[in-house]
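Two complexes come next, and they have one chain in common, chain A, joined by chain B in the first and chain C in the second.
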Partner chain A sequence: MSLSLTPRSTRSRQQVPALELHSAEPWPENAALYQQLKEDQILLSDNAASLAVQAFLQMCNLPVRVVCRANAEYMSPSGKVPFIHVGNQVVSELGPIVQFVKAKGHSLSDGLDEVQKAEMKAYMELVNNMLLTAELYLQWCDDVTVEEITHPRYGSPYPWPLNRILSYQKQWEIRRKMKAIGWAGKSLEQVLEDVDQCCQALSQRLGTQPYFFNKQPTELDALVFGHLFTILTTQLITDELSEKVKNYGNLTAFCRRIEQQYFEGHDKDGSAAASARSAKRSLLR
Partner chain B sequence: MNCVTVVVVQHVHFDGLGRTRDDIIMYEIADVFKAKNLIDVMRKSHEAREKLLRLGIFRQVEVLIDTCQGDDALPNGLDVTFEVTELRRLTGSYNTMVGNNEGSMVLGLKFPNLLGRAEKVTFQFSYGTKETSYGLSFFKPQPGNFERNFSVNLYKVTGQFPWSSLRETDRGISTEFNFPIWKTNHTLKWEGVWRELGCLARTASFSVREESGHSLKSSISHAMVIDSRNSSILPKRGALLKINQELAGYTGGDVSFLKEDFEFQLNKQLLWDSVFSASLWGGMLVPIGDKPSSIADRFYLGGPTSVRGFSMYSIGPQSDGDYLGGEAYWAGGLHLYTPLPFRPGRGGFGDLFRTHFFLNAGNLCNLNYGDGPKAHLQKLAEYIRWSYGAGIVLRLGNIARLELNYCFPMGVQSGDRICDGVQFGAGIRFL
Partner chain C sequence: MASGSRAALALGRGNGACGYKPPSQGPATAPEAAPPPAAFPSRLCCRGRSGAAMRGQHRCVPRACAAGGQDGGSHGAELLGRRLGAAVPSSGVSDRHADVPVLISEDTVISQPAKILNFLRKQRYNADYELSAKQGADTLAYIALLEEKLLPALLHTFWVEAENYCSVTKPWFASRIPFPLSLYLPGKMSREALNRILLTRGGPPLYSLTEVEAQIYRDAKECLNLLSKRLGTSQFFFGNTPTTLDAFVFGFLAPVYKVCFPRVQLQEHLKQLTNLCRFCDDILTCYFKLTITGHSPSGQDTADANLQKLTQLVNKESNLIEKMDDNLRKSPQHPPRKITTLKLAAGGEESSPLNRLSP
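After this line comes the complex of A and B, so read on.
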């Protein structure tokens, strides 16, 4: 009596894990990243997320072109921007994109030990829970910003009355989420305080190093860059938010350094500087 | 008094009127006064009864004809009395429906004869395992001219289209005005719809994913129908011509196109109770401006109610197995309907069935509108899909029909999905 194990190659196709199949294909030339329209539509939080993914892919040396579509949010499988279209695959949000890129053999955090990886995850959670939520709060729960910036921008590609309906629908959804996590009762000052504390934590961790984990950039650097650079270069009703970041010199130097290293000198449409600066220009009142 | 004696209808009485207003009744029974003899009175009363019933405000109408009594009675005077029972102010209905892998409960509410002149408000709500839809509609006919009417509808409808991996939710409002001109029936309609498209599965092709999102369509349309058939399901004789055009974009919204489509059917009875039927459908969608057409506006072809032998809407342009529809199409069918062999159940149940031999053909493609009409015709004439076969048709009342056919699809192009062999179809509109 003998047991024979079926060699891997003869197992049926369904049994091979999905990630392994895709890792076989190299990164294609025509990989595309989708986000909302740069000039008129995209909001602060979405621009930050998109910039973070662009920075990450630049750091991995993977070429991607940025495509702007008014319906990018609805095209995305998870409903969030940005998403990348690579070969036949569509992956959205930084977390899954990092996983996807790792399965293709590119990773920025391989050199870290377990403790550092846990620390990196913790700081990324901090950015997502504090900075991103603060951005969403400012965009959707601060009445002046909502009326003057968010509603006109969010509904700009659509005709009346659809523009109104869609932005009110989104506002209701975000406010419900804020209530669920307990931010609905916060005032703008408290939110800005939270932003300050988050920046302080990031500034302390960064110290005088070039990147968060010394010599090499990781996905944490990309995420922090995405959010801080967008905050610094987007004009809102007041400058309170960007002032909070400017208080920390090493953070602004960090943003400038990453911009110079990974985005300047690229004349493509997808460069961070151009995209962020155009957002700034278009918000000038 | 016999049937040719000249008579005069002196009075027409109505028993049982409640909220119905007098003026709309007067129009329907005006002809009764013109009757000249007894047969005429009976016929015109019967016609008036039919007219009253079609208003949709009475549950039943009885007619009584009697000689006139009273002081002013003429020797040949007649009294006609209509005994009517009005429908209740509110009727409700509750059904459960089972469809493809889903169930739903449908609640209907109807307010017939709301203000006394045959206005009607209906509300329908369907709550299902997959989707929820509802509709509210207000209908008002012109007094004396029931075929001239207008209605306003509000609705939310969701649909799932697995052949395109597409899900669509429409929320809209429409106003519609119907009127007859001689033998034709016209409909003028304005419609404003908020359309939301999404992928039905994560595996949807990128071309379908690109169409996801919201759009607003505001369009005016006109439809003309001439129908001389004796029945809409399995007609024995007569012809049907339907022409429909829709112009979107000039009254708001962000979808802009001109859409034309037509449907033609001709039926002729042959020897031994068999019927020969020919039909032709076609349509064209011309986007206006530089935005491409939306998947929700394009035409689809194929299936048991269209070109038989092919899977549902699975002909034409596709991407990764998701069918995208086309901007122009034509489809034609030739049918021979005969009674079942050996005529089982004749005079009863067997009459609902017919044997059916068919030949279907069609094509669906996108046109390059820069080229001339000759190039368009050429494109529609190449790669024709066609099929032939035979089967059995069952008539369901006067509303729907079921078909079970054995099909041989031909002219299949790469990308089309076929259903050769046995194919089952149910519906109200068949090629």
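After this line comes the complex of A and C, so read on.
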């Protein structure tokens, strides 16, 4: 069944039964992960999400190549990047991708008991609630960052005036959402305070263990790695955000460990390592 | 959005015997020289939401309905307050504050649950002293889980579901808001709730409101299952003493559990999870019981004993006052003296109910 020609609404309804239909198929060699252009276009929050998915797939030992497209956001079934194209399926965002991979028979959290699974889900929500929202706030609601980094980057593949229209549209959408959840009234200091609180919670939970749960990584480790590595290696107007993370030594050690284990050891899979290496260079033009 | 507001209210009342310790090396609290926990000279204003809740408990049969809040947080706030001995009566309706719940302490007005909790913590009312660092981190994580997964369904049940809104929520809130705001504010809160649900959960591939509703109720049921698994058979989430997380969870669950709605799919799911129901009932009986005088005891023996002592002292004082009155009346050249507020040598937490009893 070819999904690429069906309109979006029917595609979403077909996706669920198709999962069961295709779950018996093994993971193909040509699986692709789509994100925006690495050097010029991708923003902090999208890069974090993409890196989290890449880390997760690496941890499951599933090969995927990273494809950069300027319109990745519009190709995605949910409007968010990254999304993976596996066989005839298109799945976006970490949550659905984890479920999709589980339907294929690969899972990182099978060894956890019920209470640990509840904890893992709670911590993933904490990261989404605080870290991701703080990243979005910094990118789209902090005027200096918006003017100097976000607007130039977001619309960079498109000619004037389309680049300005698209970035203002996105900014308006994000600011509406921030207002609805009550973050619009927060100052930058308060947002950084929240980031610090979240990092403190993650650091306390991690303690001296190599991963969050026992000795095996789970999707929580992938998600935390994606966000923290991006924050540490992205150069913004100021270093305040990355300083907040650097205060916690075990978190930086955690990021380094995962990078060494999953991204530098796979040189034959050049795309994953390359994306991690390029993330190290600053995203500031 | 006041997502921990019930938690903050709960922080204001308490039994005084639970969780509070003078700060030896406690986290984060100001290291001032410590007077004993002074009277908490504050009022917790619960306009609309919890105010309606307090009134609502007389409407909902058979048991006290402890809720009505938009998002469940305010009740947990009240609970934590009660637990920690700060004498916070929940007064009914105040017109001045657009954002509930609101804690008014002397001249300070604090309006969001997280801020209320921080304020209480700075006043040295903290339920989390006995928690380890990891448990403190777990608290934050579970609160985030509640806000992401359970809150949209709660908002929907109260404010968006047409039957529920028209037959329960709107009359409830409108009865506590003065005219003419009662015609406008409930509608505004309903629109804000729908807006929030659609903006946070309503993106593609969900294209219609029914699909969004189905998804948020699925998420809410999954969240309730996770909470039930985490609670297991223990009395509270971290052992035998309640903490901030218990207050937050109670604040979110109690409205769903107790309010009598026409459309109750979430309530039916919750009632299947017996340990969560038992958790809510325990907290309701311990911390939210009303006595005949209308003063809510904190539910422990120490508070009852204090109340008895207080009543005896007050009776003695009032006898003395009557005698003085008689003397004065017999000597008409002296004008009758105004009786000012009684001063008692009793401990701090009685002075607030005392102020209510004094003339």
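Assume the second predicted complex is superposed on the first by the 249 of 285 C-alpha atoms of A that agree within 3 Å, B and C clash if a C-alpha of one lies under 4 Å from a C-alpha of the other, contacts with A are read in each partner's own complex, and residues count from 1 in each chain.
As a convention for this text, contacts are C-beta pairs under 8 Å (C-beta built on N, C-alpha and C of every residue); 3 or more make two chains touch, one makes a residue touch a chain.
Predicted, not measured: the structure shown is a model, and the values here were computed from it.
For the composite obtained by overlaying on chain A, chain B and chain C can both be accommodated side by side without a clash.
When the two complexes are overlaid on their common chain A, residue A:119 makes contact with chain C while staying clear of chain B. After overlaying the two complexes on the shared chain, residue contacts for A:128 are found with chain C alone; chain B is out of touch.
Legend: residue contacts after superposition of the two complexes on their common chain; A:165 is shown touching chain B, with no touch to chain C. In the superposed pair of complexes, A:85 makes contact with chain B only, with no contact to chain C. Once the two structures are superposed, chain B and chain C can be ranked by residues of chain A touched, with C on top.
Applying the stated contact rule after C-alpha superposition, one finds that A:75 touches chain B and leaves chain C untouched. When the two complexes are overlaid on their common chain A, residue A:205 makes contact with chain C while staying clear of chain B. The gap separating chain B from chain C in the superposed three-chain model is 8 Å, by closest C-alpha atoms. In the superposition on chain A, the residues of chain A touched by chain B in one structure and by chain C in the other are 77. For chain C in complex with chain A, the touching residues are 1, 133-134, 136-138, 140-142, 144-145, 147-149, 192, 195-196, 199-200, 203-207, 226-227, 229-230, 232.
Of all residues in chain A, those touching chain B in their complex are 69-71, 73-75, 77, 85, 90, 158-162, 165-166. Within the complex formed with chain A, the residues of chain B that make contact are 194, 197-199, 202, 206, 209-210, 212-216, 252-254. Those residues of chain A that touch chain C in the complex are listed here as 8-9, 11-12, 15, 77-80, 114-115, 117-119, 121-123, 125-126, 128-130, 176-177, 180-182, 197-198, 200-202, 204-205, 207.
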